[in-house]
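Several structures are given next for inspection.
You will see two complexes here that share chain A, one where it goes with chain B and one where it goes with chain C.
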Partner chain A sequence: MRNRATPWFFLTPFLLAFTAFFITPVGYALYLSLFIKKRSGFGPAKNVFGGLTNYVRAFQDSDFLHSLLNILLFLVIQVPLMLLVATTLALILDSVKNGFAQRFFRTAFYLPYTVPGVIAGLLWGYLYSKNLSPLNQITGLKTDFLSSGILLFSIGNIVTWTWTGYNMITLYAALQNVPPDIYEAARIDGASNWNVTRYVKLPLLRPALTLTGIFSVIGTMQIFSEPFVLRPLGYVPDNITPNTYLYLAVARDGNFGYGAALAIVMALFTFILSGFFLRNVRGEA
Partner chain B sequence: MKKTALKSAALLLSLALAASTAHAADPAFPKAPSGPVTLEVWSWVPGLDKTVAAFTKQYPNIKIKILNLGGGPATYTKLQTAIKAGSGAPDVAQVEYGFLPAFADTGGLADLSKYGAGDYKKYFVPWTWGQVSPDGQAVYAIPQDTGPFAMVYRDDLLKKYNIAVPKTWADYAKAAATVKTKSGGSVKFGNFYSTFAPWFMALAWADGGQFFQRQGDGWTQTLNNASAKKVLNYWNDLIKKGQVGTLAGFSADYWNAAGAGKLATNMEAAWGPGGYAGSLGTKSAGMWRAAPLPQWTAGSSVKSGNWGGSSNVVTTQSKNPEAATLFALWLNLSSSAVTADWNNGGLFPASDAGLALPALAVTSKNPSKFFGGQNISSVYAQASRGVNVNFQWAPWFPFVNDNFSKQIDKMLKGQFTPNQALDAWQAESLAYAKQNGFTVK
Partner chain C sequence: MTATQGFQEAKISTAPTRQKPRREGFSLLQFALLLLFCVYSLLPLWWVITTMTKDNSQLYSTFGLWFSSPSHFVDNLRTLFTRDDGIFVRWLINSIIYAGASAVGSMLFAAMGGYAFSKFNFRGRDSLFNAILATIMVPSTALALPIFLLMQNIGLINTYWAVILPGLVNPFGLYLMRLFWDAGFPTELMDAARVDGASESKIFWQLGLPLVSGGLVTVALFSFVGAWNNFFLPLVVVNKDTLFPLTLGLSVWNQTSVSSGQDPIYTVIVLGALISILPLIIAFLSLGRYWQGGLASGAVKG
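Let's look at the complex of A and B:
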């Protein structure tokens, strides 16, 4: 009979790390989220047990709810656009026969992803400044890319610029894994290039598209560095994304309990969105 | 014989006393603890390690470990977290005046009056002590540097448009109109920093505006006070007429405009000119000058406000609060440290005697050199002595700071009048303070 302890023995390193770096912080956040600040007169605030007060406040906090709406807007506009561009690029790259051109464009498209988010934010900050922007100098317009009305779209542009190449690589890798005999069979059946793309490649890309879609949903929820880096250049609302709002609640306002509650709500929101996304994608299949 | 000895001793003593008031930049510091001590200091003052070398020479048993975690928010986040965690905080940290009450509110700052800091009040410019000791008893920090307000202007542009340096806000508005007409709108006379609440507050401060006040068991918040309304309406009017711009401070756009002669004046704190010299380099070098802040009433003594500047706090986690207090006092009162901080970091001293230090008056070096060799420190020293003493901040100021940008954004878009913007600023900040448990009206 095999020793029942053996699997556990091999699992120990993972379980230890998983407990220390995942379970414990989540548990601590849950614990923190139950405390509120109480004051009487002057002096430091006391942390007292507040039950679900922080959660009630989160759902009544119009600033926070607005930040979730911003994210939904992002999901409806930016994510599909980015995946569309990434898919198109991957398909083009897949059909390029020239080895050098393929390698060159693959690297070129991927390059923005290797630029750290903060640096990307700073670079775009320059490109967006009203009087110096080359975009404005070329078009002769005086667009203020950082005005609060279109700021969300400007940030969406940075995110698209950063992540399209990354998603393209994932989709491209999936295409490379398609056995060539499938294409051959399609050709023999008389399929045109367009038909191969539409009826062979795209359906085979579905799993990879689902994956990039899920990562984009989760990534969108975590947008932070772009708006934060743009803050010194103009008015960026506190609640432009849930993450900036959460960060300010903790780092600026010192309200760790409320910040923890917001983090839990955000995690649930991400969970629901991802589930919704998965369900719809599977439903079509 | 004995009598004369006593007399001469008394004479010597009085001479020594007289000397000590004359050289108040180097007062007698508290006694250093015996035995080895290491102090960790969080500060973003440039070149602080060089400044501190003189301290370790004088107090060889005290070792200073300096960590630069980045200016303002970058340091505050870590300090906030360390205080909350109960460990990991430094002995001494740099905190701006406006953010002091928020840190005092965490309970993580030591009351330095326990270590004799109260005796040193007289060595600082009066208004700075009000910033670190709002109730006049507990002392939360030692004042370090200051940002009294004055006006910087392009001498060449004012001459070109034949304008005298405006002494009152009425003159300033008239000059702004003239420049707009004569330049066809290509040169802005001034600039309104629409995302810098403390800049705006300093202008209202100069007019005696009060935004926060401790009263009884609670606070009074008056963000929409009469001075604030007067100041904001004044600037909004100039902005709407296109005479004043709204470029973001420290941005590439701003420096470009300032260097290219598209901007004639601005209101800047004492640490501002150093930034102009550093950021503009050779562009427009020698063309700038500084003058006292324009006044609301002609012929009145110069009244000013303050923007920025910082202090040194000692945390309750410090194991050597006496030594930490000694260090904070030395750093901000000794003539060697004040001189070094001015030379290396452009810190405009909070020390009263520090304002008269020869290093500040050197005109062959920046920032004065960039300002055409004018002794701009004397302009700012005069401004510092004209800063209203009773100005207070509140623990929830960090929120108020960000909320200002939101309301001004609406005002600039024409959705709010200046008064409506200030009323919304007051209302939203008040609601926030109440929600966070403060007793506030």
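Let's look at the complex of A and C:
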């Protein structure tokens, strides 16, 4: 008979680390978020219990709400576009029969993912620079890619450049895992290429699309490095994303309670959006 | 939608030769799309390689997508490794320590935890597993902020531990390892070993682990990349430059180059950026089948 304690023995290391660096911080953030800084007289500000004051303030903070709006814009434009391109490329690559060409394109598409977000931000920061951008050199224009009108698109481009290949590989791997006899059967039934794509491949891609979609939503909510490294180069507002706003607000006035409340609102936002996404993707079937 | 057009075109072109249909249509348009995206993916990296061969003034005066001179490359390399008493080497070593510790630690924890979830039935198993998986959605900021305060309380701020310890938890790695245990280690084999009198730890370490080695490499690789790329956590928990990882160090160099305006070292930073991504490129090229396998198994069940 196996010992009842055995699974817990194997779980202990993970659960210990998980409790220390996940549960405890989240619990601590919840606790912190209930305290506000209060100044009385000339003394230094004191932390006093404020109930849900910080949360009320978060929902009235137009700078913070604006950063959430930017993220919504990302979710509506950048994420679908990226997944559309990734799916298209995965489907095309899946039909490439030449082994060398397939490996070459796969590697080329994947390389940007190996570039850390900060480094990608640095590199594109140079490429966006008015005076040395190769694009400006070729076209002879003096486009400022970091001006307020197109800044969000410039950041979106960095994210797209980094992550499309990664998503493409996930989708492509899912296609490669499909047993070939499914296609064979579809062919025998006289299905055209387009029909095979539409009625066989795309439905088979659903779980992979769900996964890439969820990770894209989570990743988008957390965009930080790219705008953060672009800040010295041009006018990047503090509240370009919720994460930059939160970090800069806390770094500036050390109001951890408010920062914690913002972080928790962001976490809830992520949960709601992911749930919304999951329900819609699953529900369509 | 361009993909649609491509596939429809392919269909039409194969129509007259019904007798011997091509297995999959592949049109010029599709090839053009692949090529176009290939250029988009590689061009910034090509720019990095050409920029290494320039000094700072040539960055502005020469064409961005072509080389300048090998001697500047040597100069850049020398500056990169000697500036600020060769602190770049320190950053490189720090990144290796942070990412290496995260890879080994989270791999081991995920392997053990995934084993428990895959091979044992215990009370509350599924709800615990789902709860852990759901935490993937918690933004890293929500964690980094309280982690900073907690680390400060126990005096770990500005130590290696402040970056290493939080990197040991990888819920997605746990999820992947459970899938690998499900698929790679049959329960019958376990039961047979028990009948033969093998101890639980022997079954795990000697019998089980070798069978899921692919999963171990996958999780280690993902954790390594995650830690190597991490910027936010080190930004928050270390402010001594001798403890910076490459990501943080290079961004600080860039910031001072921009803000001070004098003696900017952009081309040196670009070279540093390339060196910072080389280990990941090598890892992915040599271990490619593992990450693709990992992504596939995650996606199929996801």
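Here is the rule we go by: the second predicted complex is superposed on the first by the 271 of 285 C-alpha atoms of A that agree within 3 Å, B and C clash if a C-alpha of one lies under 4 Å from a C-alpha of the other, contacts with A are read in each partner's own complex, and residues count from 1 in each chain.
One rule holds for everything that comes next: a contact is a pair of C-beta atoms (placed from the backbone, for glycine too) under 8 Å apart; a residue touches a chain by one contact, two chains touch by 3 or more.
Quick caveat, the model's predicted, so the values are computed rather than measured.
Touch criterion met: A:I264 reaches chain C, while chain B stays clear of it. Using the contact criterion defined above for the overlaid structures, shared-chain residue A:N280 touches neither chain B nor chain C, since it reaches no partner. By the document's definition of touching, both partners, chain B and chain C, reach A:L132. Contacts of A:R4 after superposition on the shared chain: chain C is touched, whereas chain B is not.
When the two complexes are superposed, the chain touching more residues of chain A, out of chain B and chain C, is C. Residue contacts after overlaying the shared chain place A:V115 against chain C, while chain B stays out of touching range.
Contact with chain C, but none with chain B, is seen for A:S225 once the two complexes are overlaid on the shared chain. Contacts of A:P237 after superposition: chain B is touched, whereas chain C is not reached.
By the touch criterion stated above, A:F22 is placed in contact with chain C alone, chain B being left untouched. Of the two partner chains, chain C is the only one touched by A:T170; chain B is not.
In the superposition on chain A, chain A positions 126, 131-132, 232-233, 256 are in contact with chain B in one complex as well as with chain C in the other. Those residues of chain C whose C-beta lies close enough to touch chain A in the complex are 1-4, 6-8, 10-11, 14, 21, 23-26, 30, 33-34, 37-38, 40-42, 44-45, 47-48, 51, 59-60, 63-65, 105, 108-110, 112-113, 115-117, 119-120, 122, 125, 132, 134-143, 145-147, 149-150, 165-166, 168-169, 171, 174, 194, 200, 204, 225, 228-229, 231-232, 235-236, 247-248, 250-251, 254-255, 258-259, 266, 269-270, 273, 276-277, 280-281, 284-285, 288, 291-293, 295-296, 298-302. Listed in rising order, the residues of chain A touching chain C in the complex are 2-4, 6-11, 13-15, 17-18, 20-22, 24-26, 28-29, 32, 84-85, 87-89, 91-97, 105, 107-112, 114-119, 121-127, 131-134, 137, 161, 164-165, 169-171, 173-174, 176-177, 183, 187, 192-194, 197, 207-208, 210-212, 214, 218, 221-222, 224-225, 228-229, 232-233, 243, 246-247, 250, 256, 259-260, 263-264, 266-267, 270-271, 274. Across the complex, chain A meets chain B through its residues 37-45, 57, 126, 129-132, 148, 232-235, 237-238, 248, 251-256.
Interface residues of chain B facing chain A in the complex, by the touch rule stated above, are 73, 76-77, 80, 84, 102, 105-108, 194-195, 214, 217-218, 247-248, 250-253, 256-257, 396, 398-399, 402, 405-406, 408-409, 435-439.
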